[in-house]
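Once you've had a glance at the structure underneath, I'll fire off some questions.
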Amino acid sequence: MAYYIGMNRKARLAYGFDEVALVPGQRTVNPDEVDITFQLEKNNFQIPIIASAMDGVVDAKFAIELSGLGGLAILNLEGVQTRYENPNEILDDIAKSTPERATKLLQKLYEPSVQPKLIQKRIEEIKKAGGVAGVSATPQKAEEYYNYAIESGVDVFVVQSTVATVRHISTAYKTLDLAAFCKNAKVPIIVGNSVTFEMALELMAAGPSALLIGIGPGAACTTRGVLGIGVPQVTATVDSAAARDLFFKQSGRYVPIITDGGMTSGGDICKAFASGADAVMIGSAFAKAKEAPGRGFHWGMATPHSNLPRGTRIEVGITSSLEQILFGPATLDNGTQNIVGAIRTCMGSVGAKNIKEFQMTELIIAPAIKTEGKLAQRTQHIGMGKN
Amino acid sequence: MAYYIGMNRKARLAYGFDEVALVPGQRTVNPDEVDITFQLEKNNFQIPIIASAMDGVVDAKFAIELSGLGGLAILNLEGVQTRYENPNEILDDIAKSTPERATKLLQKLYEPSVQPKLIQKRIEEIKKAGGVAGVSATPQKAEEYYNYAIESGVDVFVVQSTVATVRHISTAYKTLDLAAFCKNAKVPIIVGNSVTFEMALELMAAGPSALLIGIGPGAACTTRGVLGIGVPQVTATVDSAAARDLFFKQSGRYVPIITDGGMTSGGDICKAFASGADAVMIGSAFAKAKEAPGRGFHWGMATPHSNLPRGTRIEVGITSSLEQILFGPATLDNGTQNIVGAIRTCMGSVGAKNIKEFQMTELIIAPAIKTEGKLAQRTQHIGMGKN
Amino acid sequence: MAYYIGMNRKARLAYGFDEVALVPGQRTVNPDEVDITFQLEKNNFQIPIIASAMDGVVDAKFAIELSGLGGLAILNLEGVQTRYENPNEILDDIAKSTPERATKLLQKLYEPSVQPKLIQKRIEEIKKAGGVAGVSATPQKAEEYYNYAIESGVDVFVVQSTVATVRHISTAYKTLDLAAFCKNAKVPIIVGNSVTFEMALELMAAGPSALLIGIGPGAACTTRGVLGIGVPQVTATVDSAAARDLFFKQSGRYVPIITDGGMTSGGDICKAFASGADAVMIGSAFAKAKEAPGRGFHWGMATPHSNLPRGTRIEVGITSSLEQILFGPATLDNGTQNIVGAIRTCMGSVGAKNIKEFQMTELIIAPAIKTEGKLAQRTQHIGMGKN
Amino acid sequence: MAYYIGMNRKARLAYGFDEVALVPGQRTVNPDEVDITFQLEKNNFQIPIIASAMDGVVDAKFAIELSGLGGLAILNLEGVQTRYENPNEILDDIAKSTPERATKLLQKLYEPSVQPKLIQKRIEEIKKAGGVAGVSATPQKAEEYYNYAIESGVDVFVVQSTVATVRHISTAYKTLDLAAFCKNAKVPIIVGNSVTFEMALELMAAGPSALLIGIGPGAACTTRGVLGIGVPQVTATVDSAAARDLFFKQSGRYVPIITDGGMTSGGDICKAFASGADAVMIGSAFAKAKEAPGRGFHWGMATPHSNLPRGTRIEVGITSSLEQILFGPATLDNGTQNIVGAIRTCMGSVGAKNIKEFQMTELIIAPAIKTEGKLAQRTQHIGMGKN
């Protein structure tokens, strides 16, 4: 809904994960019997969870592991893995840096150029181990890197920038013709990021296999702080889902949407699906895995930006194996372990037998707690749970 | 009211205790002359307060004590009391655990099976001392445990799961036929938990004696964090009260609703009644009693869940006797002592002579304080009270 | 405005000081030339500020001082000043108590009975020094104490309870006939507290000279926490002002309303006037004065309640003289000093020449800051002020 | 939109920077190709950023530096620079003061009179170095100081008070005839501060070259705390922009509006433009520059007020050079460095080729994060950015 924020000026009210909750329905389902698979063109994934193209999250080893567990990992083609033959010492340096020096160090370590042979080497490492190889590049580099990647047998290619549009205006450089790129591609192309109904419709018309949803997700995100740009994820997902459904009606082609960013717990992930997502893309939750290359740290692709860094190195710590994060058993009670169990249990509680039914769960606007003190009090009281 | 949270998608706005306050009316009543009894079928309770089926709150001794003070306690049939002949050392271990190890320890300590003979022993302990024996089981175990319980002279039986529905879909196991269960029961059956108008209507039609209201109460609750599910308690209670009133008009049967969870002070409890509750179910406030088995700690029935714990062990400390918590005198000024006095004083101030009149109190939406600093400032200023 | 908070149930949305701000108008006025006097029947006060009947705020000495500065202080007839011949040692004891023991100590120290001769002594002390003597009693004691007070030459008598109504139901004791009491009174009677339009209208019809507005002001107040009762002060004042204006139209009698409680700074006080107040009643801001009897502490009349204390002893510290708190110069920049200067400057900025014009200032709903971090950041940025 | 806040009383709901975010559009633009110049009568500035007339921010040296970088600095004609021949030792004293003594010290240090010859000296220092000389005075001193300033070759003159109105009522002193003052001025006159549509229209009719927008910006500002006055900046800017556009339609004269205060990051600045600003005025962000005279501290012009200080000395620290704050490279990731880069990148992302197009960006109401804990969690997750 749009409200006047001043004379002659209206703004829609948007919602994030903190503002909503799911309402249980009239029936429940045995969680073990729900279907959570995700279909991307001819690829069927056992779990609808994709790992973000962050250097602290995905390297070849992590991608292989996640493939084995039924998911998909995206390797950043413009990060340390493709700039350094041996990125391990680089990752060690980053992990050892003090917080004060981290941004500057990242800027310096990302100065060396990307090496095409390393693009190919990383993909081959994944393929050799039987993994699904997903990689990402920015629009400027997409065509060049796509060619290297396809030669090495890549399975999924992601074209990702903060704001994806079909029309980019520049006189200084040639811009990517997204429609042509998608049309000629031999593997599924995922494009992002988008947040509005109109952007989603226009991007879908360009022909990608899926869309990433999320710009500056979460009110405190760096993009929102530095640039002021951002649409909370519930509204962004709901709007993009509406575009997907309209596009399907008009074209007969179903372009899945993947909610990307802003989810910090199983509950947030469940809300993303209930808002209309077909899959989710996860970063920091995976950075906590033993298998993640970040050594308990992670940072965004915009953090090392030489002139305007938008992000920061964060210490998340290492909590458990990737398998435990995905399938439990959870030894933490904050919703960061057994994510797949949380999705299944939630679907059972709201009576959804598959993701399509999950997308139709009733949402309620449920104001979040206002003060820390109250929060503590409440946390104290809660957990009197039932089985 | 429902608002658009995105294109083609609406969500109702729900309210919790923090968002509302009670408005005094045109008359006041002498607090000593208000009627606060609660009727459950043929049982008349002097106070409308029920203790939650949590292992840190209710054991036989506590149940006997609360019976004597006019209330009802529910013993968890799937907790330490029925898994261990002598639960005292188990409770000692839990109390001595470090916070880090508590969830894991609970998971381990809840591995031994429930012993039918202990179900019977606990109930007999309560009955022998003249107490009212209330017990709870999950739907999967309800029929089996009911038989043991009824043999031992149980007075009230609770069937409780996170989300109660009449229709549960599973091919792997047989589901409880709630209507048949209620019909055949020889004692009052309380069923929960429910939060919506439709759920309440459908559950009431199955024939229980009362309904527990509350799923993921409080915005910070574990169920909301882990699963994303939850409806704030004021709206959940108002909606369920509407269902109760409609069901009464149509069937002539009045099924009381019991607001369960999320109340941290006398004020919250008063708001639950004003929202339409016939009684309230309390956990952590009772865990602070000397008589509670938790030794100053408490935890939920879902905390020891082996794969997806939803809850946490909390240290609440021991503040006073159960009698003082219920009837004062309060030596604390935060609304956690003399709960019955608070209910009576509030009813006096809003002019309600009994719970039915209390349910009609005017509610106002009164935004909570936003920052800790402000909170402190305000607390500082307040308390300039009057008699 | 009323919103659905659930099925068939509406609640009005109420506003507190934190939620609103004043909007400057089309003209400004020289602050030195605004009229801020307050008229109570035949008494004209130079400043529209009344000190609360709290034992940490008002004793005879304080009342004399505030009279001299143009205001009115209310002495609590049921506090330490009338229970003890020499309250100084009692006040010392309270100030020396640890926070943990304070409520219990207060309960004990308030056990001795009120002595009629001390009621008279205190009033005479004030009168002898040329001060205006205002005193307060609860409805139960009003008639008895009024007689002692009037003999000693009292000027203003306040009848104050948490919730004031014309109709109180009790079979156990005789209730005060407020209309008869007001009719027979030889001095102005102030009655409180009230918060709604209907309460104000009914109370005004009983004949008091002024009305105190405020029950559980502030979302974090003890009454709201313990009993759940409370209406934020902006809405309570606006509604009561509407009642005052309607009553004036119908009866020709103008009954001033005094906003009581919840104001922590000059800004809050200005908002009370802009909401419609004729005067304000202040507690903690005055407890910080050197002249206040509380030795840097204060507490409410309900704090020593033997069974259900609603309030707490708070340390506010001693910041300056009463004169400096009222008239400056402020050496603190948080709005707690030079309160009269703040009122004048604000009236100048919104172009109000007297309190009646001040009551018509445009209010805006201006959401408060949400997080401490933001608060700090903002505080940092602000103060780049102009003269 | 206006809402009832009580009976017969409505208040508009206003929005600040924290409540809104920018929505990306259907096209993007190369950030290097956007036009961000600001036109003030015949003066064309390369960047639309003006430094506040604060003593901790602007002295002659700073003004020269900012001129060289394309911006405009305003020197406070009633601060230390014009009261002291050598303000350096005064600034040292202020920087060395303890927080407790700072307000009192400032009050004392601002007692000496402003010296006309120093007004002229400071302006001449700026002009001699080739800088653009902007200065500010309060309405009471505007005519007198204008004459000194114009003799010394001043370029821009600012008349600034907390609330600017065309009509000021006083019998004690002569008030400024703003229309006559503007008409006779030989240089652009900037007037402020204003916040409403009506104020802006009336002030524009008096003939200034630009208007400063902002009174008590930010919910925590001192003016809002001390006086209760304040309109959040998004609504104030939107309303003033509507006045500017209407005034332009009616008179053919375009009076730029400059949003002043409350912006703590590049994101807030971008939101000011998207709300309709033609330029922004910045204080604390510049106080962090090596070139700022405040030695890492800053304070407002109302802080040294002898009777009612409204502001406080804040330590902001020295982070980098002014050039780095404006043009990067940013080594901090919180939006306080490379402000111009943030403006350009944001314009690129929303597809705005110049400030006029930037003013038409879609705004969304995006609730801010509620709790610190959540904030930390989110911050942790975010920054997984894209390039």
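Here the chain labels run A, B, C and D in written order, and each chain numbers its own residues starting at 1.
Operating definition for what follows: a residue touches a chain if its C-beta (ideal position, glycine included) is under 8 Å from a C-beta of that chain, and two chains touch if they have at least 3 such contacts.
Owing to the predicted nature of the structure, the values given are computational and were not obtained by experimental measurement.
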- Message: With a Cα-based fit, what is the angle in degrees between chain A and its identical partner chain D, given to the nearest 5?
- Response: 90
- Message: Validating interface symmetry: for the copies chain C and chain D, is the fraction of residue numbers used by both over half? Same or different.
- Response: different
- Measure off the straight-line distance from the CA centroid of chain C to the CA centroid of chain D, and report it in whole Å. 38
- List the centre-to-centre spacing of chain A and chain C in whole Å, with centres computed as mean CA coordinates. 54
- Message: Please output the residue numbers of chain A that touch at least 2 other chains, ranges allowed.
- Response: 13-15, 18, 235, 368-372, 375
- Query: Which of the residues in chain C come into contact with chain D in the complex?
  - Reply: 1, 13-15, 17-18, 20-30, 32-33, 197, 234-239, 241-243, 265-271, 274-276, 328-335, 338, 341-342, 345-346, 349-351, 353, 362-375, 377-387
- Query: Where on chain D is chain C touching in the complex?
  - Reply: 3-9, 11-16, 18-19, 52, 54, 57, 78, 103-104, 107, 138, 160-163, 165-173, 192-193, 195-196, 198-199, 202, 215-232, 235, 261-264, 283-285, 298-303, 305-312, 314, 316, 368-372, 375
